[in-house]
């Protein structure tokens, strides 16, 4: 056998500079941002939203360990979030009891409850994953859906464990204080969420860099071939499933401390669907994609409903739009925009970008006008749509025509641009 | 005895309604590989269309017109939606229909309002057919039975006796074959999708007034339809039929059993007031299909009568 | 000394169709053994049986004297048997380096570890670089596999196959679809890669087969009709008849 | 870094949304936290409209102690966690009164969170006006000083219903059907114990709990009732479960009274239609055909003309006017004092005197038992059908003992 001594082999690993820029820097930026936010003195609303965002970031990233990394489509990921959350919630109450009566839990800080959540989620993943990870693809998705329905129903049946539909409540201001945080005011809870969101993100990122993480990607790409490099794809899936369950449980634990309540609704198919939307809209192919999705959807969920009661319709349309026109998600869109700016900053490309944006804007404005008019008309108590000081009444024909014309113009422009683009590429 | 007779009768009606709903999905799923999560939304559209059309044309015309309209909507969804993303793989398609279900529900709320609409059984059929053990048996149920059996026969004829049916049958089991035969595959896909949706629409027409026509009707029945298709097996209409009836009977029988776990497992000393002992068989009824789904996928992933695995 | 790979009366049927009918074969340690045969003879099926993708209907398959029938593909792989595929079967969305890296992990004992940073595993890095260098893909290490040219994908296929350091290597038509010059490079690569190993190869290109192999087996309709050195096979009348039915052609292509 | 950019954009959006909507001291803001979208959006939407109408009524007569009232809707998607986020939003926008009604799980999450908030933020307290969450625990084990309930809870309604049942001598057996969750179980338990107490001769021929919103066809349940020869059915079902049950009962020709809490719930009359005539009875504090003053009729007409919806929640007006009275008495937005005023307050509603009992903050009000009928002056949901009063249950009759140990701020 030829002797390949170490010095003869070219060093193929990326330079340490590159490694720093792509791997460490984003995490440092995230940490910095988390540290800077409190300096801006955010309002209570912003803080509670940020806390929700933090929880959802960890949840969505854990979901993407399945969908993006290992290629497993699950409709029941909230189950692990729920089990983790319940574990943490029970532990929180044990801490409270122990703080009066003494016991092992008395020494456990509430700050560390997400670890209990992690254990709960991972344990649930280990039990439920054992049968379900033996299938992949659509059967796996269907099993996850069936199990999610069953467990959601069980959540209402077993009152002792899940507290009925009113759930379990607790008080986070008990036990040992960590880092001098009483966790009473929402500002202190922010630090708790920030810490765990960062820790969760960093750990899940680190996971992608481990042999198991890499193999998960290999299983996603080609499960058959994985068998012929010595790995059992089902076992790889199972291990990733446990890890994903654990991190979902971590998010559940964060949620338990943040809200001081946990209800069986958190186990149901609705949050499972939402986390799927977060990961997919954000961009399941990229590690940071679900982070974007979590931010956007959490914000939409809590704030869009202030502006329009049809926000679920917009969410659905956005989701469909992303699947059809931007399957790489928000992260993909951002990256292609960035690389577009870097590589071909010509007048022509700028014009085309402008045209695309205009067309998109027309479609959105026209569509929104029509939907809002329709909503008001359907409500039927004479409410008028008044965007930007305009006065559009659903009872008149003209506003409908405005909307229709704008939408048609937008769609027309998009079609034309698409044709031009195709013509050029030929 | 009367419990059994009634459970059989009701299970049969419910099962046939499920079969009408899921036969379309079986066709779509087996041929195109699309597990259409919005399938129950087309069922809902069928009921709403029938309600609106029925106001001007009467129920009997709506019975024919509404499924056609639903089929047209389905064709549009396939043509301008699914077809574009077909190349991206089945996960994308699955997610597309998942989003579509959201959108259809919200649109229905805008168009028909958020409350249930007064879609009633037609007066001609609103009488009781016979009385059995003190309970009346409504004529409309017999009508539903009739419609679903007619549909079943029509579908059978279409698949066994017509050219297009043979092509569809061939592509149920060998989806890649058809393109080699020189057939316009996209058009066949569109046709099958539209037909599947129209079948769902038809079940909406006759199920909407039997049950309730309201915006959440799709969401509440959707998952059961998957169960039927998966349990029945890929590419098998007969399997879907058996699975529908199985689930129909299973659910209605379970409801009629009042015993709770504490009674059944009395040897284990379960506390009838405890969480576990308190559970009755009848309260588990709606969960049974999902248990069946999970067990089936784990033990026999090709389903009852499936030609192949997913 | 036990044979590296031994098949005893292996049969495989799909329903009523008997694809492999009682194949017995012995591949000696360090030997380069080719299997040839007309299309549909069952060559790929035979590979799938040996590598554990399909269970055989009856018979025995021994790897270094150890029964491997009924084992899962990954278990067989761990015992030191690795195979390539006729249609490129690579990890399309990962870079070339990552493809090879996945293939070396098990052999270096990293199993399913999730506590180590893969970038810090010097041994893995070195082995990966070594394999890439050996097959000449070093300069394309960071290219996503899906963007490689066809020939490079075939090369990567072989790289993944040999990366784990298996003693017995099964190559399924490694040069299929390659141009003449690409084929020559591939032969070099195969020769180098199989140095000191046992090689079982299915190939259509007779030039490759007769240039490379120590022994050749001819598989026709699920049965081995002859095994021998290239010379013996070239001179075997049954092979000529069964294989092509045209003596002149056969002589020509095997010359 | 793309990550960073989006963070900043969304961050500034957060901050913007906070600053744009900052509170004005002169307005009394009532945060309405209920589902405004999704499957339960209809229920919450209806409640919001009642609050809006009541607020405009108060504003047109000069507001509360001269301060105009504003109702701010927050969509909680009937999710406890989302409700807590919306609660924080409401507090940021200067809301000092929280109104909620749909879902006892949400109510218990809110009452818990509001109590914690008031303890942790003295001087910044909130009052919780619960207009429809009927879990008895909220004014018993879970009661607190800041929570006021304007609806009669499960046990009170059941007490009223069983009082009425005492006089129905022809009912000899009942069947109890409820949804399998805490409300349904509380319903079943209350029904069993109160019937046994008030009419020991009535035989409970069966009880069943079924999962919420999962049953498509209730015929098997109706069949069991027929087999058991029940003279009446008691059900806690609401929404679709209610309408499907009645439809199945009608189809099987099960002509016995259905005694319900929510037979008149939004959407149910339309869905049940003719099938419910003469069968469905409900116990409520209000329906449109109770004899009343011209003023109240004008209010109903006003509401219906504005929102094209039937008036349903009289108690929302009660809550708003009692709050008005309390604020007028205090003269400023001193929340603990306003809560003190509400405690024990009596108020003359169009349907009789009501009292906010001091010991548990539970409103005691007269209840009416009514039947779904086609012989009515005012119909519901344009069906031509409406409710017709059978009996009046006095407020005193619904007053049950409470286990509440109210802790009042010193």
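Here are a few things to note about the model shown:
First chain written, first letter: the chains are A, B, C and D, and each begins at residue 1.
We take it that a contact is a pair of C-beta atoms (placed from the backbone, for glycine too) under 8 Å apart; a residue touches a chain by one contact, two chains touch by 3 or more.
Because the structure is predicted, anything quoted here is derived from the model rather than measured.
The most central chain, judged by the distance from its Cα centroid to the centroid of all protein Cα atoms shown, is A. Placing every chain at the mean of its C-alpha atoms, the farthest one from chain A is found to be C. Work out the mean CA point of chain B and of chain D, and you get 35 Å between them. Chain C and chain D have Cα centroids lying 73 Å from one another. Remark: chain A and chain C have CA centroids separated by 43 Å (rounded to whole angstrom).
Distance between chain A and chain B, defined via averaged C-alpha coordinates, is recorded as 32 Å. Taken residue by residue, chain C touches two or more other chains at no position, since every residue touches fewer.
Counting partner chains per residue, chain B shows two or more touched chains at residues 109, 283, 286-287. Counting partner chains per residue, chain A has residues 153, 157, 159, 310, 312 touching two or more of them. Touching pairs of chains, sorted by label, consist of A-B, A-C, A-D, B-D.
Every residue of chain D that touches chain A in the complex is listed here, in rising order: 1-8, 10-11, 13-15, 17-19, 36-38, 41, 45, 74-75, 77, 79-82, 84-86, 88-89, 91-93, 104-105, 108-109, 112-113, 116, 120, 135, 180-182, 211-212, 214, 306-308. Those residues of chain C that touch chain A in the complex are listed here as 51-53, 72-74, 77-78, 82-83, 85, 89-94, 97-98, 101-103, 105-107, 110-119, 121, 124-126, 128-130, 132-134, 138, 141-142, 160-161, 163-164, 192, 195-196. Within the complex formed with chain B, the chain A residues making contact are 73, 131-132, 134-135, 137-139, 141-143, 145-147, 149-150, 153, 157-161, 269, 273, 276, 280, 310, 312-313, 315-317, 319-320, 323-324, 327, 371, 374-375, 378. Of all residues in chain D, only 39, 41-42, 45, 180, 206, 208-211, 213-217, 219-224, 226-227, 240, 243-244, 247, 251-254, 266-268, 270-271, 273-274, 381, 383 touch chain B in the complex they form. For chain B in complex with chain A, the residues that touch the partner chain are 35, 81, 84-85, 88, 90-92, 94-96, 98-100, 102-103, 105-107, 109-111, 113, 223, 226-227, 230, 274-276, 279, 283, 286-287, 290-291, 293-294, 297-298, 301, 309-310.
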